[in-house]
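This is the structure, below, for whatever I ask next.
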């Protein structure tokens, strides 16, 4: 078996950076579509980690997990977009700051 | 079984009464049914002495707990008092929505029966919280200011929660809560002071003791008279009862360690209640603050660690129950007739209502500790014991409120009954025979216990030499 | 490596499968049934499916079987079945509320979604590896996102969006944590997380931390709670009822399994400390948050935040009895919540009037029975006797004391005191003598909701006097 | 090694581009770039099947969906815009907090040594990409998916079913359910009030 | 439990029970069936007391029967144990010479006053109630004097206070009567409390409250405690017997009907303090300090009462102050150790003071409740019988040698003070005797000599506030004309009382060998005393001289012819020039009011209006508010904005990561 060319810690670091870029996207952006994309980024960061660890352990459970995450992400994107559409269909602008009927 | 019936009969009857649809409203029938049940309760209570009922287990882990009731020791007397007072209260009342009120009264009786009959701490805690509810709803439904209901409830529930925590901890440490009246209970460990504080807090709020008392005056003045009679007569005794059968019986060392604090609080209550009573204008508030004073004396008695004082406490518990119930009922009759409780407005009723005046007179005299009535016996026996225990200054301070009590009780009695007749009060009617019958047992008991309190003693003189713990257990057993 | 999938494996997930299949049957029946009966057809079919699943789960519980199906992906045993039962009860209690609420043409779809959500929750209850946890959670959540948005109210859609984005974000943390856990242990099985070497593995610690973020979000512990009041308020009444119990039950199952069966020995106290701290904060914040609410669902959301704190208090210390009493309290909480929602459904019309607390003003006179039930359930949540809430608190207090977490017990007491104040405000409104209140009239002719309230009432009382805590759960966690 | 850095920089760059773009369409493009880079990275990690799936599912399905929605929402009289920012000062604290989290995460994880993974027994050997039967191959993946991980796989079916039914229910009939015209007006008034009140 | 030291011969004494319980039975019957009994109530009530008197007389033999002495306490009398009150507290009746003497007065004089009351109270709305209270009083007083232990004594003590309260406030529609009744009761409770405290100390010392036990161990008390016991007992005595500083209730107590004043506030109840000290003679004899204290207080009260008696215009208040003064004598007597003398003065005082009150009652009744002597005058012509009655009483109280009973007893007291080594008290007592003669004669002359002044405008007589002075205020309320009962009902008892008033003092004649000394031979301790520096005869001469001076001054001021002619103007002058310190009774009322009443009320107001609602409740409210404030705080985080929630989530997650990174480091 061939050892990994790149230390595992580098993969973790890379994925962590991507993950937190995703998190930052959710926090700072007001466009729900971008928010959904940021969430996709977070999932992808996790996927990268799964696959890197899979390779490190030479255990394909990580692949399966990544596959499941992709499936779920797809379903989530579909439902999320549907909700975004229903929420903003009547509105003239797309801004999560505008949807705050409930608070307190 | 008889003790189980004592607890369940009024509760079930109350629930059934509540469930009857409103269109079947019949005040006389409701009152009649309530009276009959109260009478049955009285008969059962008479026959319940030393009977027990136990069904186990309720819980087996984390501690053992069972459905254990017993009318032993002091429980019997308090239960008897409860039965008498409830009977009197139901018999001659007139409030709107009578059926629902009678139901609340029965629920109150049943839940308080549970408190005083429970031999299991968990059961005790359960009924402890439960007995708040009928009063709460009574205040909500029939009180003048519903806000008072919340004050009553929140204060007492805070105490109930402390009780809950203490009970749970006690159960864990000792492994069983089926302990009331047992003599082999010794809890040790660093937790015990906290358990003790939890129990003591609950009991002192309920009693109440200064400065935890502020729920009481508004509660007493707002609750309908039949209910406040029962509450002041019996419910306020739950704290003292708990102090004796739980704190003193199981944690005497800690009670002793904190006795100084409790005695100081008791003495403050004594003096505080007395001087505040002196200037109140609401008749029921006067009695409320006087209760603070009287119950403070019992706390002092319990914490003085003297067998005679404890004996006096038992007598005074019953005596205070009788005279405060009598006073609240009588003042209730006055209020029902005149639509006011203000001493400023009342006056001169005695000329037209000699029987009413007589009733108020006897109960207020018992309250001020007139020799020959039950209140005096309690006071003198308690103070004899407290003095013997070496609390000389406490005794001296405790004597002052007796003088003040004479002043405020007479101010109350004379303010209502004596003086020139007030012109603008409505036309009045003297005590009806029903009201007379309602008051008769209370007055009779006050006189009988004043003349011969021996009947009440639960232990023989030989026990005067026993340790305090043994006495407390004897009281509970 | 070949794993044989046997009949036993399929029977292990039989209750779950039945629920999932029932959802399909509901959808098909909706197409076939005449329009005027399709609401009841859906409810009845769903109820039957749930009851059958419940009976099967009960039999599994009785038979004491305990094995890992699908290579350990799903662990059948007393633990999973108990949680499955609670989740099924929550689903049943919520689905019958659809008889009082909601649009005719979407009921079948909603019920189907709720059933799938239920099956996801049940999978979480029995999950033996991280994948099942993740998928169960997503199945549960995805269905709930849709369910939240199904009502034709702006608030409903808003709640769906908020729930979706926040929950997905939390899922991101969860799945990232799972990735780290996988990296630490080289396996997705929970059982492999007990390797002693992991106690010092940074990957494990950070993975567990991010995993707990996801769990804490689902449990709506402070500060991960912010979504729940808004989402509860916006979601349709039956969905809120379901969500308030099922998500918590399923997540608690996952958390309990994790803390009892997936932590290297010796680091439990340190690893779980943040959770207990959050539980303590939640008990205070949840109860305090109730004080100024105007909406019943919102109030129950805050109440739920606190109640989860209570349940975690029972778990603190990781004693076997703690687990039992956590389950006991969870069951009690289920019945209390469902009962309250049943009453809310009773006085609701087409626009969920039962949700706004203003509509409860004077209920004590207009509809004494409904008011009495509501009072009872609220007081039960506050822990007044003779309710299961009372006994549950006693049991939790005693376990927390014996496990050395008495400080949590004290906070529980403080929180309870605050909560009473909040519940009392609702009750006060109900019994207020306010003659001029312009309020919605109760329908009060919904037999299913009535039945639900009565059953909950009876069970809450019965559980006090006959505390049926499952006795043989702990050995079956692993 | 070089591939990792190139791809890594591409990943980070495209991710930042994605979340900073003002136009959602450009974000989609950035995301596409990101996904493609990720797929390439999967290849370097012997996960060729996942790389393919990544391209097909993400780029082929999800991103197209995003584009459709963007088009749908922009199709009104005016292109959709962004309202007033109600949390104007959240950006800097957010970045600070995230950097702290990132720092602690990477600090913690960097303490793990590579030999932590040495003592493992591979389920299948590592070979050239595309070779059947070795780690990461379709066969290897498929066998695991349908045996060891059968249950998760089954659940994904339910997940997708939920997505389908849910989207149908959500995006289906949007007309408010009202019994009468009068009630419809009331509903509208109520909605207006609800919006004005800002939720109590 | 300690051994019980019983006093007297244990036995069953039906007469004892009868005399004790008959008045109670009378009270209950009168109270319960008053409206039905109508005028028969008076006869019934009187009969009950009369029979009790007969029973008392029949007890004479048993009560004076001595017991074979076992040392320690002198044992004499009859004792009957009744029941166990509490474990260790037995309850019984004891009749020894001391109790017998009191019981005789209570039932005997009581009977006469009851009969008198039938006439006096005739026509009152609450006729039966009056007799119920009176009978109840007799029962209570008998309980007091017959009890064999301190608790029983205290019960009687409290019950007589209650009866006194009822009877002072008998006309409860009068605010002044109501206030007077309350004042009397509260001040008496102060005394009750004193006795209670003494009981605690006695119980703590001897584990019993029985007289026998308490006295048997009298020598064994710690000196300080013994003084404290005596002091607290004396607080009780002072309150009941109107001694300084607790005397202020007695003049006000005259609001009650006159027979009440005669029986309770002159003859019997107010002398309970004397009884108590005489009863506790074994204790007092052991403690010089207590003797000194009580003697001084008694002498001061005697002097003060006499001085105040000179400044009163209300006939009953004059008599009230004289009562206070005379009780001062008694207290001084028993206080310094001259027990026979003090008790003798009680005995004679009971007769002559009852005589005086009943006599004044005849006048008041005849003048339609007029009590101000300034509005009387010249009554000797219209009411000669009343004059005779009053004259014999005045002679007796003034101590005219051999003509009235007061001479003998007062002499015993005065001489006793000297003999027991208190020359200053002796001097005060002598001076007081002179003043007594002055003010009693003043009352007599103003009332009976000169012209009738009832038709003079009150302001001409110096009566400033007629409506407040009680002159005609309640006359108006009894205006309705009713048939008076036959006059003999009132006159006969007064006539009967003249006999003992004049003659009974001869019992004390003869020093050591008098029947009086024999009667108490076994009752009181008789320590050997040095001979007094002034002989008894010389004392009598000095006293008589002072009395003559007093009478002469009174005669010069009110009796001589010019004074009689100018009576209106002279009385006005005297009224106007009366020193304020005297009209305000040395400001005792103000002092008590400011020191205790107002202080308590102020504290009560402070606590009830401020501390309770503002501080204690305020603290609770603040707690509730802070919970509410926390609720608002929680709500402020709940902005409704999705991004806030996300940010909260991230902050939480960051905290988690920080914790785990640190905790992991610690785990390594």
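Order as written gives the chain letters A, B, C, D and E; numbering starts at 1 within each chain.
We adopt the following convention: a residue touches a chain if its C-beta (ideal position, glycine included) is under 8 Å from a C-beta of that chain, and two chains touch if they have at least 3 such contacts.
Because the structure is a prediction, the values reported are computed rather than measured.
> Could you tell me which chains are in contact with chain B and with chain D alike?
C, E
> Can you give me the shortest step count from chain C to chain D, moving only between touching chains?
1
> Of the chains shown, whose Cα mean is nearest the mean of all protein Cα atoms?
That would be chain B.
> Distance between chain D and chain E based on Cα centroids, please, to the nearest Å.
About 99 Å, centre to centre.
> Distance-wise, how many Å sit between the C-alpha centres of chain A and chain D, to the nearest whole number?
Each chain's C-alpha centroid was found; their separation is 4 Å.
> Between chain B and chain C, what distance separates the C-alpha centroids? Give it in angstrom.
43
> Report the inter-centroid distance (CA atoms only) between chain A and chain E in whole Å.
The mean C-alpha positions of chain A and chain E differ by 97 Å.
> Return the residues of chain C touching two or more other chains; collapse runs of consecutive numbers into ranges.
Residues 131, 135, 138, 142, 145-146, 149, 154-155, 160-162, 165, 169, 173, 180, 186, 202-203, 205-206, 229-230, 233, 292, 421.
> Can you tell me which residues of chain A touch two or more of the remaining chains?
8, 12, 22-23, 26-28, 30, 36, 47, 52, 56-57, 59, 61, 64, 68, 72, 75-76, 79, 82-84, 86, 96-97, 99-104 - these are the residues of chain A that touch more than one other chain.
> Go through the chains and record each pair that touches.
Pairs flagged as touching, ordered by label: A-C, A-D, A-E, B-C, B-E, C-D, C-E, D-E.
> Tell me, which parts of chain E touch chain D in their complex?
That would be residues 639-641, 643-644, 647, 650-651, 653-654, 657-658, 660-661, 664 of chain E.
> Give every residue of chain E touching chain B within the complex, in rising order.
Its residues touching chain B are 1, 83-88, 151, 154-159, 162, 165, 169, 172-173, 175, 178, 181-182, 185-186, 189-190, 192-193, 196-197, 199-201, 203-204, 597, 600-601, 603-605, 607-608, 612-613, 616-617, 620.
> Quick check: in the complex, which residue numbers of chain A touch chain D?
Contacts found on chain A: 1-10, 12-14, 16-18, 20-25, 27-31, 33-34, 36-38, 40-41, 44, 47-48, 51-52, 54-61, 63-64, 66-68, 70-79, 81-86, 88-89, 92-95, 97-98, 100-104.
> Which positions of chain D touch chain C when the two form their complex?
Going by the criterion above, the answer is residues 105, 108-109, 111-112, 116-117, 120, 123, 143, 147-152, 155-156, 158-159, 161-163, 165-170, 172-174, 176-177, 179, 187, 190-191, 194-195, 199-200.
> Any idea which chain E residues touch chain C in the complex?
Interface residues on the chain E side: 624, 627-628, 630-635, 637-638, 640, 642, 644-646, 648-649, 651-653, 655-657, 659-661, 663-664, 666-668.
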